[in-house]
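Chain nomenclature is as follows: A, B, C and D, assigned in order of appearance, with residue numbering initiated at 1 for each chain independently.
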């Protein structure tokens, strides 16, 4: 920045600015490398580029979106990822399988119980290891609790990006209750590191169960209260209904999953489509909506919270006795092979593809995060909307940048 | 840079029950612990001297195109350079007139500690706990730390919450430089203080104190919201004790060689 | 199912369109570096079976890995292919936006390749006194596998002298 | 020379501010002393008094303007504190409670902190426009207070076109926002400024149309006269004759002041801080203050136009007459004679002891000194309460001010709770609402009012 050099601004050719082009400019100082980039950075009359992020209140982390806008209408956009790329897959290859659990933890940091399950389940599949039934039930319990906490935040964030201050705080109350409960079980509030290859780290304890009982007593009532605050709000409904509509064909072609997919009417839920753990034994329905817009996604999240509470109820009633950990060697040499596992995280199909060469380290551990693909679909929805709506659409698919950028 | 002799020196006190312990037996130095040449070692906080400020480049990768990014010359953190060049090492002790600036600064600092507006910027996981610290259960607003400003021009404290990657380092420094003085930086979480669990990665910065001055470190992965609030209260204490010396901070690794 | 890179478009179209298979959903797309060759792995799902179909495109040469893109079937594969390009350098012909997605645009190496070693691993090699965070120089014996490290490289003035940025064997970024 | 420059250079920012201030104070004191001693000052004052007497209107204007400029700052502080506490209440939080008792100093501290922040001008801005923008916005807010009648006899100016003046000056504020947005060299600022301009253009029309009904009823545009017309009980307020007008006015006022759900021009989650994105330090503080002063003014105008201004909702006199109570509020301290001396000398200590002793006896773990302090505070509170009641009954402007502030701050609280509850509307929804619904409703209101006036006030009608 020290050189005082007058250059023609890249945004506005009639304007001269004093600093040369830097990495912070909306247009990169490099020649376009691909067809798409050349198309995006060619401006028509009256258009301007605006740089949303990487630090922006409603990009949910460190996403950067270059918007090409005409007035307030978004013409095109170019998401730039990688501001949170931490090289998790490479680190996993360099540690052993146990390290991979804690390294995968912060990927989906709102629902860490799901991302830490990935190396665990891959290793179990490669080892052909049977997990004790009590451990499976405890896993399902932890997963569903974590799903509720994540969905509670989703509702708040959607409202926050629409300008409402209060629902996010109510959502955080719910989330903090659950997270403290899980902290009593696992010892950590956010990155639990609770699942182990062959089971879980510890059995249910009294503190956890008493907190769970307290919370279950009025959970449904509070969620319905939350529903009342937003569902009957005229402004909220007017802002979200008919916004960012995804049809089924687009949903299939862009590899969507999770609530975003189910809001279009496709009942694809990994818990039923590719059953894992003890989900085949449990009763629950897969709520779907037909509209595919932001409001449908919002309502779907509320329905899923109710289903999760129902599952937790069943799990608590059917919880068997027994050990919570299978007998596994401490130095785990996983037999060579390839495995692909998939679970239903709050944002969709969370899957992992693991390869082992027979050593104690994963040869390759690929994590597939649903937010990555959901965020990609957002790029297709936004053009044509106003700047204010881009936030609502982005919030309604709820990307987690930790998982997107890995 | 001038070294103030009046400044209280924090001595590591190795005592037990009033009796000084014998120097601990050092483990035999391994080859990996020896720097290959003297200038390879990091500058450390000696007992009686301050750390030399290290001017660190803002840009953290080398561009392939030599003309890109300002001709390959990384921009520097300018205010620290000014601090180094100019004789501004005011120890606030200049005779009887001492009372005026010190008391004024003290009163202003008392005002500032009750109104610390953080920047609404979260990088990764720790951002969740930062938000949680501001919500109903652990209400940061009680201490006057609430209005999270979205614009860095109006913020006082930069809470770096989460892993800092090399790609994000440039924008983060830019945010820091956009904030008006007096400003403070709180490193929240292991990743920001030292690299944490991603220390070995190819894409992360091992501790933000390599690229910007830090006032308070809050360890934990992630720290609980109470931990963050405690860190912010420590920051309040620090502001009071610094008595207007807020710009005198240094950039550089705070981890000594032996660690 | 292992296929060669020339057959990808044909096989994938068949699997997607044929009413017997109906593998409508691509679950995952990723690249793999086995150390000798590159692979691209697809996981497909059809509602006919609860299991996945794994298609492995095998035998891509490490020097110039090229595979056809499947974005004509699934738009969503675009970013996945960008990711595989970013991490492995596999070039997907037909993807109209094949840029770096995670790393900075002028980054030169491909982190998930097996010859990209973390500094820490270089330090662990016998007889070498490299500390992983401060000094990342490569001793002469270890030159055969370059440490492709770019982070904090531009400000070598005060840092350790040894941070080196080795070029990729194939020379420059093939996409440009 | 270095004996001056070196200490000056070593001063910190705060010292550089404080030192000239202290020097200025010392200089003023010396000048005052010298002036009194030499007799020049009384002479000058006498001359000044004569001048003021000759031009009482100008003097009144200057005094009122100064007083209002000073009055806005504490008002804004109070409203900001109110907002922090109320929104905390809505959010199930505690809110600030460490700065002073119950956190009442928090907004003041925020204000002084903003004052002491670094104030810089970014590269690329249009410097004169950038500098003037906050001033224009703040002045636009402050100058409108001039015409608002706070209490009988307590107003800046009594114009016969006060309402016209109000809307003319209030429209000035948005010019400041546009200046800020245009000059900031920032696209978020530009969007914010233009959103503010578009919003105000839309909402000025229903705002003024809603007022026209009141003007037709009152037959005047003087705010004093409008308030005087609403004297009596609460049934005489215009809200019962213009309910639709009040609703339209309230919504349009929320949009005019940029409050949620119409706070598009500084939408945090969309355009970072809108027009104020590039502003720091006290320039941002001016915008911040102007927002809250605007809020106060809009509430005050609503009170004046629709809620009876400073009129009490019920007259106390009939009630007192019903119970045959006569209150003698005319105190004549001279009548007490020597007793006054004893009252002043012995009254306070005895009363303080009266308050202290029960506390001391009940709170066994408190020291006597502590209970003495608490007793002293309690005594002061009680005395202030009595003085307040006495002033309320004696001076009409105290009573008027009380009712005016009570009504105004109720409205402010309503705005604040709206902010805590509602999400934000979109730009096109905002404009559509204004042009499609509010203007139609305002015109309908106007039509009904006109018809009603013609019909009800026609002397040939049987009810007249």
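The rule is short, and it goes like this: a contact is a pair of C-beta atoms (placed from the backbone, for glycine too) under 8 Å apart; a residue touches a chain by one contact, two chains touch by 3 or more.
Quick caveat: nothing in here was measured; it's all calculated off a predicted structure.
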* To do: Using mean Cα positions as chain centres, tell me which chain lies farthest from chain C.
  => D
* Give the chain pair, either A-B or A-D, that is connected by more C-beta contacts. => A-B
* In whole angstrom, what separates the CA-based centres of chain A and chain D? -> 46
* Asked: CA centre of chain A versus CA centre of chain B: separation in Å?
  -> 31
* Structure fact -> Chain centres from averaged Cα atoms put chain B and chain D apart, in whole Å, by 41
* Asked: CA centre of chain A versus CA centre of chain C: separation in Å?
  -> 23
* Could you list which residues of chain D touch at least two other chains? => 91-93, 268-269, 272
* Structure fact -> Among chain B residues, those touching two or more other chains are 59, 65, 68, 120, 135-136, 150, 167, 200-204
* Structure fact -> So chain A residues touching two or more other chains come to 30, 56-57, 82, 85, 87, 90-91, 94, 169, 173
* Asked: Which two-chain combinations qualify as touching?
  -> A-B, A-C, A-D, B-C, B-D
* Structure fact -> As the complex stands, chain B meets chain D at residues 87-88, 90, 92, 94, 97, 100-101, 104-105, 107-108, 111-112, 114-115, 120, 135-136, 139, 141-144, 146-147, 149-151, 153-154, 156, 180-182, 244
* To do: Provide the residue numbers of chain D that touch chain A in the complex, in ascending order.
  => 87, 90-93, 123-124, 187-188, 191, 260-261, 263-264, 267-272, 419-429
* **Complex contacts: residues of chain D adjacent to chain B** => 7, 9-12, 14-15, 17-19, 22, 84, 88, 91-99, 103, 105-106, 109-110, 112-114, 116-120, 268-269, 272-273, 276-281, 284
* Asked: Where on chain A does chain B make contact in their complex?
  -> 1-3, 20-24, 29-30, 54-57, 61-62, 82-88, 90-91, 94, 102-103, 106, 109-110, 168-169, 172-173, 175-176, 189-191, 401-402
* **For the chain A and chain C complex, residues of the former touching the latter** => 28, 30, 33-37, 81-82, 85, 87, 89-91, 93-94, 250, 252-256, 268, 273-275, 338, 340, 342, 349, 351, 353, 355, 364, 366, 368, 372-373, 376-377, 380, 405-406
